[in-house]
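There are two complexes below, and they share chain A, which is joined by chain B in the first and by chain C in the second.
On to the complex of A and B.
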């Protein structure tokens, strides 16, 4: 019973089955939550006297039904990947960065400044310089709540909300004064904005290679976003900082006793989060508009929170969550054209989706944990977890799982 | 129904569990367990963590369905599908973690779910609760708000809640685990009163001394099976432990001989946060210094100051002659200090991380485990984890599972393995066996003694006098943040007791 049980040579097999189980469990949870959202959405659609199948078909036709549609979907997803990653990085460290909104506004200002004042540089240097300027802007804006939290204990939710407000004014000031256009554009009533960036500062459209309309503004920033997601995954899973961040986020006391500096970790996370947030505004000013104007797209930071939730703060999950978000957002247009369902339906559907994902993931997580606890290496049915989940007892499921584990010791090594 | 149970002597059994088998996927938690409970007895159910004690009682309380076997209550076969059924049969259970509504009063909590009318007459209810408490001699204020009660008082409320529902059979799941020694004493006196009143009590425990003190009969479970039934006057602590663990357990371990060398840790006039008041002591290489004391007298603050989690307001801490006062945890760890925290969940493990991730915590920035760019060497870390798990016999299916899936004893083994692997100069062990069962305690004690044999300095902080005696070469007592006495390891407990309560400082070796 002693040493042999610890790790037998065959331990690789259960490890693999654990991973498969986790993967299958999560995939299943995702499907179930999608199913729930679709079903609840159907009830609403029926309430509007429409055929749900027809409405969902319309959404899909509008988004994924053509190359142009796909182009739009990916274009919508690009900034959302950045902003959801920014949220997730802080979240893994146990912090809630609601300030991505403000951070990307500041990033747009600094990037616009760089695009206008460094336009003597050739494109291969100017674009990176502009992107770096955007990231630095986001980092500065994120550093403030980070430092305040660590030095004074001010809660990041409060400070970031305040800084969001200031960022809006800062952007307004920038396009009113220092960055205001010098060459008045033709026409009478022109929105307040900067001068047009030079062509070297624009990022290239990739839609043309796939027969996607230039109107989708699909740029290679999509690939930067995907690369960023992979980098964030690597950061969290494979580096010291990511390891410390997860420890701080999950058990700060144990992290501290393990020699981790909580404050230093949190500030670093805020800086990384800010850099990612600084990228959020880049597609719209560099790939789409070519200037920073008063009519900028708002709410990308807040939507990032939703997308991060939808992707369960997993960097790779976030890519898919952002694309799903893009499908729904793009489908909204088709909805207006092809059905009588109001466009707000999409917003409701997005909300339902987040709720059902969060709930089913929690349930899946508990089930998986309970199964892990039960040392269910053998392919067993779920019947007994049902017993565990019975709310009959006064303890929470975790405690019951714990007891189940203790019981499992009794089973011996087999 | 037939009267199966009536064959024996004495009163017929009140409850008979027959061939109860309970499986969890891949695990046999209870294997054809038979158990009889008689009227007016305290029946102790003992076994190591994971032996299946709680599972068995949850089957009786209707929380788990059993796959096989049957339950007879008062001679009648009973189908108990939920705790509600159990209560209707007069079976109540008090769990380790209480389920009380904190802002409610004692009375409100007791009548909750059993209210008689829609409009409550609280003064009447309070009177009934007071009468009930008085009839069993329980000290409790029916009007007190639960969140202001001590743990012992909350437990009394839980017991009263069951009694209020007319329970005749009371199951207590490790009731003393959460109590101070004083509160445990009061619980025992209350249990005796219940026994006199004819109630039957199932007492789940793995603490042998208290079982011998309170039980009329003792059933021992091991790995889901009953391995024996006995009575306190027919057995001993050592025999019970052997039945539980399946091999002889040593309650007093041979202390290895080791020359006490140069002082490794020197603490001078350490003061901080109103919890430590001029604490001074030394621990030499190859020496175990035991810090005895009732909890809450500065033990936690002392340990946390030494590892660098707290900055003392004055005084100095030096390691091997170097002043490390106010240094970071990382510096102090790098200087060769290992730390076993009193709360392994709060300061030891990251429960939602895998075993391998936990195995490297505190050493993750060693050049061995991560590179200059901050990339972790996962393979190296997993090798370390596999080695530690094997070396310390951490019972787990793999190193990929989360630390939360380990039992308490195995979690502690993992921490020990991690901390001792670093070849520390000084080990700070704070309540190192809290919540562990006998087998695991023995293991931890052996490891601590091995540190001494290896010439390391050990500071053992413990509220368990047994543990202090079993391991220490020298004993100091801590009371209200001050060292109130220093004693040789063979000093009588009474003398140390005086020190623990603030007695006069005694000049000693």
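On to the complex of A and C.
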């Protein structure tokens, strides 16, 4: 976040207070938006003739009130952590990867292919090979918008939307033709899918060690996701690439002047993002189903964007945001059983939450930027030029998801 | 493949043209006013569920019958699409949230909201009962008397197909000849200049986004009521994104948009009806479904032609808090 200021070591003293202020601002914005969501949700609940306190308590009881519930919550959170990290990595570089959706579908195809064709490998080798295949699939699919952006200036939002559409057809083709099952159980009507993966290809269930039902499909991929979050945090905060990413994201002009290759940084970020996106589909095919079928879970890529906002694009924040999302999603079941509120209420609550998060963060960011500008002694004139690359220091890279279609691309080809 | 198959493929393509063109026109108004709208898919989804409900409600419950029931149903879908688009408008114009961020949220929320509404409307979350009311189909005069089976292309079409095709006239006229349209476009090209001429940029942008909701909502309602016959979760099948692709390729021009909307409509129709035609039978149907997306990537990357979006589309307009 502090890329703009980090470029200027002379202003070290105000940096600290800026950072604290920003942290407090973000925390406040999060609390306010949670408050708005809970309040609006309560109005809806009252409309259904229920007591809001009861309903919210029921959601938490259903999700965190038992070890099984916790298992389900963590299992829901696992792919969302990967997905949100993939979004956040690109965001830090000022790019918007809304192609995680397509990247994880391609990752599932390549992983399924690896699981079926490398099944001669022993388990300790096969599982890593399958995971790497999934990540490679995601990377290839993410490399396309990255390279196109850098080489031709094609905006990544448009190309990733289109690649999402292609990925859906690609997956459908894969399970219709090359990967279609050959050994269907005789006499049964089987939905379109691949053959079952061998047992060595499946990731181990960890729920059994905590008395969590196998139905939760909680696997050690959860730990991989947490490790990935820590790795991404380290990458963005403590490595050269991370520094360059934040520089490119917040002030491409200064970054270029400072000798950062913007194009190379953007492509690297897309590759990392794609690798993370490739992991999103692994829990459902390796821990849950054990095959890739037509009825796969969709929308994980888009939900990841919501989780990334909720976690403020902070890798550690994302872990908690994904768990919160999991709590709400799991709470659905409890609502169904314990109250008169329909389970779809949860989706509305999640929608309200994400809308209010997006809007309050935006307001908070503007307030903060205005105050910091004021303190820096800059008058209103700077307000306008803050939109330019060079002086975008106090604003986060989030502002730059889409300047004009070309504004950010001019930097890309440099 | 026979000539009749080809004619039927054309007929299907005209139906899908209607969906893609209406949604594309929605995107056109929004982006010409300066607000990027990747939430078209979400707006369509709201149109499908509310349109299917509206058609049934006005036709059966209020016993308005034909043709007012289905017409009001479509308008209800358009109205609800507009209401839903107002979220995008408030977020991007009043709160200056990034347009892409808001569009993604619109798409995400629409899926959940559609279920919620479906539960309230139909008592089930993922579909309504099949066989909902729709306008009677008609044959296009003259064209439907073509010989050799070609007449099939212009038979049994919904009147909305013709209305959608005719929409090009008012849309083109309003954007190119009316003061309102020229002002709307100036907000998308250069809001600062527009403001200096006393144009209320935010007002025009609100109108652009609300119109996009109305068009996309009507398109969704048409899809649910007239094409499929009931609401089903996921029935938009990415047509909102295909509309966006057609819009980009058309260079944000309503006349060219007609061509690309029809072309992509035809791409949808090929796997349904022409799967045994020469060349096509060599390709798996899934590859044909990729065509609109591939063409768009090729075009946006500048390999063919030049894509030029409205200059200020996607940029928050900073000036004039009072406007």
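In this section, the second predicted complex is superposed on the first by the 321 of 414 C-alpha atoms of A that agree within 3 Å, B and C clash if a C-alpha of one lies under 4 Å from a C-alpha of the other, contacts with A are read in each partner's own complex, and residues count from 1 in each chain.
Here, a residue touches a chain if its C-beta (ideal position, glycine included) is under 8 Å from a C-beta of that chain, and two chains touch if they have at least 3 such contacts.
Everything numeric in this text was worked out from a predicted model, so none of it was measured.
Novice: Contacts for A:303 in the overlay, against chain B (first) and chain C (second): which applies, first, second, both or neither?
Specialist: So A:303 only meets chain C here.
Novice: I'd like to know which partner A:258 touches here: chain B for first, chain C for second, both or neither.
Specialist: First partner only.
Novice: Which partner does A:118 reach: the first (chain B), the second (chain C), both, or neither?
Specialist: In the superposition, A:118 touches no partner, neither chain B nor chain C.
Novice: Which partner does A:19 reach: the first (chain B), the second (chain C), both, or neither?
Specialist: After superposing on A, A:19 lies in contact with chain B but is clear of chain C.
Novice: Taking the superposition as given, does A:40 touch the first partner, chain B, the second, chain C, both, or neither?
Specialist: neither
Novice: Determine, under the contact definition given at the top, whether A:239 touches first (chain B), second (chain C), both, or neither.
Specialist: first
Novice: Using the touch definition from the top, say if A:250 reaches chain B (first), chain C (second), both or neither.
Specialist: The answer is first: A:250 touches chain B but not chain C.
Novice: With both complexes superposed on chain A, which partner does A:371 reach: first (chain B), second (chain C), both or neither?
Specialist: First partner only.
Novice: Using the superposition on A, tell me which residues of chain A are in contact with chain B and, in the other complex, with chain C.
Specialist: Overlap of chain B and chain C footprints on chain A: residues 384, 387, 399, 403-405, 407.
Novice: Under the definition above, what is the set of chain B residues touching chain A in their complex?
Specialist: Residue positions touching the partner: 22-31, 48-52, 54-55, 58, 62-65, 82-83, 95, 97, 99, 222-224, 307, 309, 328-330, 333-334, 339, 341, 343, 345-353, 357, 361-362, 364-365, 370, 373-376, 378, 386, 389-390, 393-402, 404-405, 407.
Novice: Quick one: in the complex, what on chain A touches chain C?
Specialist: 96, 98, 144, 148, 152-155, 157-159, 161-166, 168-170, 172-173, 176-177, 299, 302-303, 305-306, 309, 342, 344-345, 347-348, 350-351, 354-355, 358-359, 362-363, 366, 383-384, 387, 398-399, 401-405, 407
Novice: List the residues on chain C that touch chain A in their complex, please.
Specialist: Going by the criterion above, the answer is residues 36, 38, 87, 91, 95-102, 104-105, 107-109, 111-113, 115-116, 119, 125, 238, 241-242, 244-245, 248, 284, 286-287, 289-290, 292-294, 296-297, 300-303, 309, 311-315, 318.
Novice: In the complex formed with chain B, which residues of chain A make contact?
Specialist: Residue list for chain A touching chain B: 2-3, 5-7, 11, 14-15, 18-19, 238-241, 243-244, 246-247, 250-251, 253-261, 369, 371-378, 380-381, 384-385, 387-388, 390, 392-395, 399, 403-412, 414.
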